[in-house]
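The data blocks that follow each hold one structure.
The following pair of complexes shares a single chain, subunit A, combined with subunit B in the former and subunit C in the latter.
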Partner chain A sequence: MVASIVSTGLAIGCIYALIGITYNVMFSASRVFSFTAGTLGMLGGVLGSLFIARLGMPVAVGFLLALAGGVLLGIVTEIVAVRPVLKSLDQHLYVLSTLALALMVQQFTAIEWGTEARPFPRLFDIARGGFDQQFWLPMLACAGVIVGLELLYRHTLIGRAFLAIAEDTYAARALGLPERSLRMASYALAGAIGALAGFAGGEMLLAFFGNGPMLTFYGFVPVALGGMGNNRGAVVAGLLLGLFQQTANFLVGGIFASVAVFTVFIIVLLARPEGLAGAAVQRRV
Partner chain B sequence: MSLTRRQALKSAGAVIAASSLAKPAIAAKDPIPVGYLPALTGPSSSTGVGINRGIQLAVQEINAAGGIDGRQLELITRDTQSDPTKAVNGAAELTRGQKVSVVFGPVNSGESLAVVPLLARTNTPQIHPCWVDALTDPQKYPMCFRNAPTNQQIGSAANRYVMEVLKRKKVAVISDTTGYGTASVNAYAPMLKAKGAEVVYQGNVDAANPDLKPELLRMQSAGAEAIMPWSVNAGFLSRIINTRGQMGWDVPIVGQTTLGSGQTKDLLEKPEYWAKVYPNNFRPVCYAPGGKLSDRTSAFLDRLKSAKIDMGDTLLWWIALGYDSPRMIGEAMKNVGTEPDAIVGYLNKLKGFPGVYGDISFAADKHDGYPDDEVVMVEANSLKDGAFNLAPGYSA
Partner chain C sequence: MDTPMIQVRPSRADALGATSTFGVALPFLVLLVVGIAFPLFGGGYWGVIATRACVYWVLVSGLNLVVGFAGQIAIGWVALLTLGAYTTSVLVAGNVTPELSPYLALAIAAVFGAIFGLIVGLPALRLRTFYFAITTLGFATIVTQVALAWQSVTGGGVGVAGPIFPRPFDSQWGFYYFCFGLAAICTWMTANIAASRFGRALTAIRDAEVAAEACGISKPALLGAVFLFSGAVAAVAGGLFASLQSYITPDAFTLDLSVLFFIAILIGGRSSILGPLLGTILLTVLPEFAAPLVAWSTFLYAVLLLVIVLAMPGGIAELLDFKNRRPLESGRAIVPRPELLTRLLAAPAEAGALTLEQVALAFGGVHAIDGLDLEIRSGQIHGLIGPNGSGKTTTLNVISGYYAQQSGTVRLNGTALPVLERHRRAHMRIARTFQTPRIVGSASVLQNVMIGGTIDGQGTFVESLLSLPRHRRDEAMLRDTAMLALAAVGLERLASVRADRLQHSELRFTEIARALMLRPAFLLLDEPAAGLSAEEIGRLGALVVAIARAGTGVLLVEHHADLIFDICHHVTVLNLGKNLAAGTPAEIRSHREVVNAYLGG
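What follows is the complex of A and B.
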């Protein structure tokens, strides 16, 4: 039982954490919570299955094309659903615009791909075992993204520009940073991370159009618990969420497992509204 | 030439008389509008797509044979897109705008729950194949008939198979959290207990849950001797089958028809995991021991093949059900015309309409037409040409 809780819990937790990072990367560049994050995850699984299982492409090619699909949706999100409403951010119109885009993509997927779950291909031709690739692939993807983002943000100029935009958009623009291009690049990066989450978790979640809302929902929990825009917080909270959810599955089971997850979520937010790893925002008056 | 008022009136009268005389002759050749509310797209469309193939073939055959007393049947289709709201809009348009004589559908229970009361208010005869028990009621909906089994019949057949054929007394009943799933578990678990079974596990699980091992371990530790899943979600059902296989747990799975669908099969980790899985099906469209279909069904299969109707991605019973429905409507119209009350009067006395899917009978106080003993269980891994072998224990 413990092995099952750890392997499945950590794997699903890594998928949630990656979706949480997707939210955060988009949020940092635009102060917008784009509800296309879960849709990107769903699309990663569907495109992976489409390119590899249905069209018979090599795994590497299918992987890159799935990520490219995520990048494309990230850019479209920025252009269609974020840019037009940034001027009216106070009205939180982005909730509607990003949700509408997510629903459109989901419906389009349902029509073109079908409404039944479809198999996601085995990425490596190795025998199924206790600690199967369906568990370690999401963990590997999550570790890769954490390391990659650290390297990007700490050791590259463009990474520092991302951080500057996230810290203070107006000051960054005053320094001559191309805010719009950087925002679009952030959305493209978030698209790739979201698609990677769905691709790496494809064997576990299957290629199913209905994964979008589930990932949007559960992927938001690490963001809220870990602190808005805080990637490390999202990873820790995502892993804890996965482990707690799987433990609840074993201990109480059925629909009560979801109830347990959201009970804890609400209690934590009541106790620490800024999230477990977030800092309380001080506003100048 | 001058025209007097009397001559003008005479001419006008002659024209009116001529046109009113000609009208019945034209009306007699007008097509008969039949409303049709399938879900051809959307999340629950696989049933509708299968049924649609049978419907289209039947209407083509009826019209090619001269129609109903010289009038062609005209299917007026409104795709519900698996959405109850769109189904209601379609039903309203069919009855008020198109003035159809009768409606077939919707083909999914969720949509029918919304449409049946609406059609009852418009006094439109309706035939549907949806399983939810409350979808027929001769008192509340006197013009609504069901040419398919009820949920009670489906559950009874599965329960009977588990208890009387497999001789299993400790049963686990599981569903997803949809309305259909929870309603089925809530209905079937008490039926099992009433028959003397011990329901050792009863649960509703989110269909998106990727790991069902905790649930199956709970069933196993409770001593379950059979698993009965009620869901139309192929992903959920395949996870149950895969987990049973991974655990090496030799226990039969008996339940919903989707257990035997191609989508479920595609999601299995190993083909052998499909053994000892027994979904619901219907005797007239199943292979009897010895691998033969009934003569009526064999002839139908030949007709499907000659019409080049694809059966690889659907189930024979869906096509057969679709095929029977317009034939039954046409039979009623051939006998009593197209007036709603006359059609309902005819259906109220229908006895043993010979369908490929099953023989349908109604009575004034019983609008559920499918016979109990035709609902059976089959071997999931025997699927061939959309049909299955009867599960072990059934006689020919």
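What follows is the complex of A and C.
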């Protein structure tokens, strides 16, 4: 029983962490949180199921096409919902524009794909064991993304440019960095990560249009608790969230597990609005 | 005093474009008549649509105060509709209690709704925009999950029958009139709030939070009241919704509904009652004209949301705001009438002093102010000058409670001021202006100035909601005082103009008028002359002199040395957070170090 709670909890936690990283990658490039983060996860599952199970493509091709779908949505988010409202960031219009885009994608999926949850194909043809692929795939994806992002940010020029933009947009622009292209690249990257989360977690979450708002919420919890833009914080908080949710599920049952998660989220945020790690005070006058 | 009595009632402003009370009420009266007469020409199915529009508006009217006025992005308000629907239905069905009367059940639902409205809303006090939006989204997700899983009470996925209201509200049109009546009452109540000091304070929290604090507006108390009200009417709407649907399941309460409510407000426009009302009617009726598109309706709503946000953030209200499209006269001058100040600041503040003793504050390693002594006396103008970064504005922010000093004390007439707690400064009659004017752009100049007097109202939120006598007295008093303050600073001709159409210099004088609404014992002016023409600076100087003569102590932070030397009784020169020199203007002008470091020459 404990093993099942731990493996399910960690796997779900990895999916939440990946969505959290999706939020962070977009946030670093633009100071904007986007409601499309959870939608990307939903899309990864639906596209994977569409390409592999319904259209019968090879797993590798389906995987790449699902990621491509995420990249596309990431770029569209940047162009349609983020860029036009960046100049008046203080009005928080991005909350509404990204919400609108997320709803459009979700509704389109509901109509074209259907409103019931459909199964996600098994990616590797191996027998179900105790520690099944549905558990280790999300963990593998999460570890891969973390290592990949570390390598990108520390060891490549474009990665350092991302960091420069995240640190100080104006200074980066003054240095001649192509801010707009870098932002678009960040959104494309975030799109791929979000779709990967949904694809790797497809077997657990199924290919279901309603996963969007659920992932948007549970994926934001690690961001809020781990600190904005802090990927390591997001992973730790995501894993804790997954474990906590599964434990509560086991102890008090489905209804009150989500109530418990929500309550803890609110209490922690009220106590530490800046997240458990880090604090920023802004000059307001 | 041989000043001619000036017209303080805003009738002169009306001539310049304000709409009369009747003009404001006319669209509502038309809707009222149409609503009452509706059964005469509407068919059976249209009755359902009309009832639904009324039910939605009951919710949207309350949500409008949260979203349109207070600017809190509460996207999950459908949760309160769900809560109200289930509470009413379950209590009437008798699943947990003996069967209750539908009216009693509706009242209990309203209480539940108010409590949960407060719980969902409270995080808004501490969390930033997106966090709050996500919190409400999370709450909506969870309420639906609970409704689905708590089968013994809610019937789970099977659902529960909605309440049926007794005669005469059991027929289709009877129920319609019941909902219509509640919708009309909600319109009236929220319009009362919108036109009250509470409505103005909400827009101040939304657009100029720092200024709201300086005016003594308590955000927790105000938002708390709004969330209670909004939650209660949302739950009542839920009860009506359940009755209209006659059977409810968790599927009926998707996020799509929340989005519909939200878009109705945004289409309508912020700080408007009529706009969101029209928006609600439009969005309820629209899908009926496009039957093949029903499946796509949420998609289209989302497209609409995106289009509104990107293309017309002002909404219907701005489209209908004809008077603010007329050009303002150009070359208008600000002509203050300082002689009016004696009436405005009638009660002379008893002489006292605002003193700083060895106040120090460092940001990291930078000593912004470093052991500063300062005394501002009633009826005197104290100039604070110094190069950029010498700690002038920081000093002002410590006095008005935006920064906490690390050592030293600020005293008002001998009593130490509490550190931070900026909204309490207004109650101590300490007013201030800002380096960059903090104004509610979408409100009129008059409304902006009235915000300054918020704490002088006597009536409660409930009294304003019901437009009781004390509310009407408050409004008349605030309006008269604000017109007087505007006349004193020379802006009364612009009283009814949207503040965002004003020139920079006019905004500076508007801020002074707003600060005067507090009848301040001490007034802190943060670079009031910046961006003003030489002529305007002269008039500003005369105005400040008159303010001091009326008994107010003034702290003037400025770069214009001429203005400082002309009007100040006492000048302190700061350099690197320390007192470089202090004395009369004549002493400072000849102070060698000051001349070398700052004045030049």
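Quick note on the criterion: the second predicted complex is superposed on the first by the 280 of 285 C-alpha atoms of A that agree within 3 Å, B and C clash if a C-alpha of one lies under 4 Å from a C-alpha of the other, contacts with A are read in each partner's own complex, and residues count from 1 in each chain.
Simple rule for what comes next: a contact is a pair of C-beta atoms (placed from the backbone, for glycine too) under 8 Å apart; a residue touches a chain by one contact, two chains touch by 3 or more.
Since this is a predicted model, take the numbers as computed values, not measurements.
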item	value
Clash-or-fit label for the pair subunit B, subunit C on subunit A	clash
Partner chain in contact with A:211 - subunit B first, subunit C second, else both or neither	first
When both partners are placed on the shared chain, which of subunit B and subunit C touches more of subunit A	C
Which superposed partner A:259 touches (first subunit B, second subunit C, both, neither)	second
Contacts of A:99 with subunit B and subunit C, given as first, second, both or neither	second
First, second, both or neither for A:111, with subunit B first and subunit C second	both
First, second, both or neither for A:61, with subunit B first and subunit C second	neither
Subunit B versus subunit C as contact partner of A:175, first or second or both or neither	neither
First (subunit B), second (subunit C), both or neither touched by A:140	neither
Subunit B versus subunit C as contact partner of A:220, first or second or both or neither	second
Part of subunit C, among the options 5-13, 23-31 or 41-49, whose backbone runs into subunit B after overlay	41-49
Residues of subunit A contacting subunit B in one complex and subunit C in the other	111, 214, 253-255, 258
List of subunit A residues in touch with subunit C within their complex	33, 80-81, 84-85, 91-93, 95-97, 99-101, 103-104, 107-108, 111, 213-214, 216-217, 220, 224, 253-255, 258-259, 262, 265-266, 269-270, 273, 284-285
In the complex, subunit A residues that touch subunit B	1, 4, 8, 12, 110-111, 115-119, 128, 204-206, 208, 210-211, 214, 246, 249-250, 253-255, 257-258
Footprint of subunit A on subunit B - complex, ascending	41-46, 82, 177, 203-211, 213-215, 217-218, 233-235, 238, 263, 266-267, 269
Touch list for subunit C against partner subunit A, complex	73, 75, 122-123, 126-131, 133-135, 137-139, 141-142, 145-146, 149-150, 210, 255-256, 259, 266, 295-296, 298-299, 301-303, 305-306, 309-310, 313, 393, 397, 402, 434-435
